[in-house]
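Note that chain A is present in both complexes that follow, paired respectively with chain B and with chain C.
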Partner chain A sequence: MSPAESVSSVRSEPEAQPESSIQPERWAPRRGATLRLIGAELRLVLGRRRNQVLIAGLGTMPLLIGLVLYFTSGGPHGDGGPGFIAQVTQNGLFLVVSALFICLPFLLPLTVAIASGDAVAGEASTGTLRYLLLLPVSRTRLLVAKALGALAFVAAAVAAIALVGLVAGAALFGLHDVVLLSGTTVPLSEGLVRVLGVVLYVGASMTGLVAVGLFFSTLTEVPVAAMAATVVTAIVSTVLDSLNALSAIHPYLLTHHWYDFAAFLRLEVDWTVVAQGLGVQAAWIAVFGSLAWSRFIQSSITS
Partner chain B sequence: MSDTLAIRTRGLTKRFRTGQIAVDGIDLEVPRGAVYGFLGPNGSGKTTTIRMLLGLVHPTAGEVELLGRPMPQAAREVLGPVGALVEGPAFQPYLSGRANLVHLDTCDPSADPSTRGRRVGEALDRVGLGAAAGKKYRQYSLGMKQRLGLAAALLRPRELLVLDEPTNGLDPQGTREVRSLIRELAAEGITVLVSSHLLAEIDQVCTHLGVMSTGRLVLQGPRDDLARHEDRRVTVTTTSEHLVAARQVLDSLGLSDVVSGGTTVSAALGEVVTPTIAATMVAAGVDLVEMVVSEPSLEQVFVELTGEGFDVAR
Partner chain C sequence: MTTATVSRHTRWAVPGIAAAVVVAGFAVQPLLASADAGDLPAISADQLLVEVLEAEPQPLSGTVVYTADLGLPDLSEITKAVSGPALTADPANLLAGTSTLRVWTDADARSRVTLQGTTSEFSVVHDRTQAWTYSSADGAVVHYALSETDQARVAQLQALVEAGAFTVPGGMPTPTTVADDLLAQVGEHSTLSLDANVKVAGRSAYQLVLTPTSTTTLVGRVTVAVDAQTRTPLQVAVWSRADTQSPALQVGFTDVRFAMPSEQVLTWSTPAGATVKEVTIPLPSDTELAGAEHAAPAVSVTGTGWDQVLTLTVPAGALDAQDLTALATAPGIMPEKAQEYAQIAQGPHGAAVDPSALLDQLSTPVAGGRVISSALLSVLLLDDGRVLLGAVPPATLVNLAG
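Coming up: the complex of A and B.
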């Protein structure tokens, strides 16, 4: 076809069309669009090989701890570690708690950092962010979907530790009635509920850091930078938490209440302690969630 | 509001925080149904302009109307009917081509899930990726990635396609295919804005051209008006003994810049039409072996306007 022919055929078209041919009904969001977006995000996050490997890796932690304790448990128990680690060989249920305890200072924050730091920055670095926004996906909805994707990732990681811990603990040491930190024994069924409380509390304790990571993720097109900043935030918080001179701000630190999961292992669960811990997380989510949103909503997409 | 223009900007300006002016008050006008070639050397501000048209980058000053609606305010209503390829394709590297399109379409708030499979298949076939649809994006060649980017823009019937350097990374065959794809789409009544730093790649499909140079729109209009007729030259071939006579004929007709050598004589054509030249030659007894009219290529016009060929602007 010669250029001249295409010119004439094209130029005759506009007259045939209505003046403004945008059909609002065709391009209006369909019912369930937000749910589909969230579903797509979850599939992307949980279907990604890298993330699966990471979750599987975290899942091997309780197995590793269990095996070490199993093969070294010849001597007397209670070698100065926290009560629940000493108890693992008595009751496999405590492997869940011990594994979470061991993953809490570094491995879980690292997982949170990877999940949340990658959320927006990962899409920005591959350039896919601009194509999502051109669909158009609203920035607010996209950020919500990204947050839920990161939370699902963290939840999967915590669940993997808990499930492998439970199975490995049961297989290596058996599951028995639970001796609480206060010395009282409760039936296994109640023990399971209390350990579930520990797992949920630890999971919830990560949500503030997810919000922080999401915020960093909106600041950069380099996912690793956002991940590193998130890990550093957790570390700095831990350091500040250890300085007595700063005891006035300790209750508000992101990591201060992380170990309060032990509240579930006392005779009377101290719900004030639990509520404080969750409240601090909610506050961090509110602050950094808003920061992430206000930043993302007005940023120029130049990647 | 304008209903005859698919894209219209007024004084569109982008100044970066560094103070550099990337786009300097341009008035872009893309008529509905046009294939608008958006030309300019690398770094002349084309991509920044396209990003502002699509609401990805906020203008420092000026207005944008896309399909008659103000951007970025109307982004949600307007971007649906707009398909875009901006600064290269971008997909999840660890997903296949098909899975990437399915993912993108799932995220599209107004896309119909029940027709998704068919639309994804058709888009892949249309760009010739049907056979490679199951391959991971990471393993695609540059040309295949570019094709997948086009397929994503074609997932739904659009009214306007904004294609930023769509032939980038394609071999000559691929470039031809993209050109014929653009022709097909234009024939369906879709307005196309296609940018390139190589005029030759898109010249043949364009009905309109706009030329950017260092942030300014230095030329814009229907393509055929831009080939400057006053620069056309006529070259007459005759025999060596008639050369002087032929030269006298061209002089007598008032043609300027007459140059002769060997058996040819040429001159700037001006307003004189070729039948007049032929008739006068014959009347003067000149053996007319051949007469050729040459136009300056748009490439020459382009290079003259932008002051450079392949070099980046800054």
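Coming up: the complex of A and C.
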């Protein structure tokens, strides 16, 4: 197809070829159109008031934890739990890790579910999906744009927890050299890199659930149903993970490797552990991403 | 590419293929890891055992997975009650299930072993005559060391050894004589053979099999995978006679590198803000050593080889709830845990628990006592205070006890 024929209708600048008629059945996908679509999707997801409130709410979690520890801490290692929560009072950097640890079982999956479950079903329920489908981009690219929107939202949520945790931790407890799980003390600069590793790993751990949520979102026109199904998937995965009888399937469960972010806090980072965790997420993305694609390019979705 | 060009079949084939690729990817991984190591230079079982014993210890770092499937009654509930959920790294979890450890050693005098919890670690750092343990869950450090006078004695002895001040009467045993002695001992109670070569932690390995000649022991066989290159044992599995499908105990590398670990790994530095408990290990004095040889042993041995049974005598009533109560009041225990232990020790109604409450779960009653039976080991606890243990069926212990 020649460039003249494939000029997209959404270009804002005036076009020199008036003869190119806009025929939805004959359009060709254009990179420019796709990029603009992705841009619009990101603005939509990140600009939506309820999403901003959700991110702000997640951001208050580390603040809340920090303040509670600041006013109640009865001394070092007084409250049990994983060592790094007790360490927060000695080193504010651990507030980032502790906040992620506390948000990991429920709040983060909930955020992922809201972002990904709403992606397609939300448009379908408000009747805007049919207009999106008229855009001169293929449905595949439309789905990719939707997925990127959901991923951007999840990334923003994780980043909000990390940044607020870092700032609140620094303000309340100060930043110091980091004591690893192995008892070795590393300089603050290395500690910051390691905590960045934790943040990136936690963010990447959510991508599989994004794919699952996107798939559910293509199945229904009721966003709440897709969101609930996504949260239930995460919870069921956690429950299965706790049953010893199923230990054979544990390594392949969506949630099994979530806490392996601790690998970054050990003396020598075991990259096999990290690669396993990311590999399982990639597998879930491959399966549920392609399922979502199969469902979404089906012509029956028009509303 | 419009939607019309993608047929219905193509559409659903894509997730199908994706799922197949994913399943294949996960299925191939263990197959590759345990693939037949193929051709290794031929060696006899006897020769291999000798070379393993003569091999220079190698500096290495690696990941070790330990699996216990001893067929005990649900032990996980008990260890959970005592040590909290498995989320924390606690040596008590080694009693059952799977544990992951990481190991670093310079093959000489320094090493580090860490037990990996989900978000915690229990480290043991050993440096010549000192050792430290660190638990990340409570930040507690325990420092084990010799007293200053003992330290001096050890240094003195080491200097003497290095100066060659000791001579062994009848000449030093040569490696060959040691190996011959050992082979004779092994051959007395077991047969040594080689199984198909295997891959352990991605390295080609010979597989040495030790089969007890006795047919009355619980142990079916012991397999040792020996690295073809360095002659370092990479995996040890103990199989019970009852279960030939999976080993009762298995410990082996899943990942190993033969290189000197970094200085940072082998050095211990106490983190700021940690509570340190000093423990001095007493060395027995010369007079104590001399006395020990004449003292009556509290342990007696009956039987030979794999059928050996140890008989210990413990004061009556020693197996008491006191153990748990003592644990609860031990220094360095977190208050929550102390409370937990105290609760377990006290039981639901606040009354001191008879120890059999815990024991009941583990053991079954027999005439004159109770017996704990596992895949590899039986323990007979008699009411008169004797404890018999051995790698034999419980009935053998009962017969021996008379």
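What to note about this one:
FYI, the second predicted complex is superposed on the first by the 263 of 303 C-alpha atoms of A that agree within 3 Å, B and C clash if a C-alpha of one lies under 4 Å from a C-alpha of the other, contacts with A are read in each partner's own complex, and residues count from 1 in each chain.
The rule we apply is simple: contacts are C-beta pairs under 8 Å (C-beta built on N, C-alpha and C of every residue); 3 or more make two chains touch, one makes a residue touch a chain.
For clarity, every value in this text was computed on a predicted model and none was experimentally measured.
When the two structures are aligned on the shared chain, A:Leu132 is found in touch with chain B, with no touch to chain C. Of the two partner chains placed by superposition, A:Ala228 touches none, neither chain B nor chain C.
Looking at the shared chain after the overlay, A:Gly183 reaches chain C, while chain B stays out of its contact range.
Once the two complexes are overlaid on the shared chain, A:Asn244 sits against chain C while remaining clear of chain B. In the superposed model, A:Leu42 lies in contact with neither chain B nor chain C.
By the touch criterion stated above, A:Leu267 is placed in contact with chain C alone, chain B being left untouched. In the three-chain superposition model, chain A touches both chain B and chain C at residues 29, 138, 298. Here chain A touches chain B in the complex through residues 1, 3, 6-7, 9-11, 13-14, 16-17, 19-22, 24, 26-30, 33-34, 36-37, 39-41, 43-44, 48-50, 126-128, 130-138, 298, 300-302, going by the rule given at the top.
Across the interface of their complex, chain A is touched by residues 1-4, 6, 11-12, 14-15, 17-19, 21-22, 25-26, 61, 63, 76, 87-88, 97-98, 102, 112, 114, 116, 118-121, 123, 125, 132, 134-141, 255, 262, 264-265, 268-275, 334, 336-337 of chain C.
If you check the complex, the residues on chain A that touch chain C are 25, 29, 76-77, 80-84, 86-87, 90, 101, 138-140, 177, 179, 181-185, 244, 247, 252, 259-260, 262, 266-268, 270, 272, 283, 286-287, 289-291, 293-294, 297-299. Residues of chain B that touch chain A in their complex: 3-4, 31-35, 51, 54-58, 67-69, 75-82, 84, 86-94, 103-104, 106-113, 152, 159, 180, 183, 186-187, 189, 203-207, 223-224.
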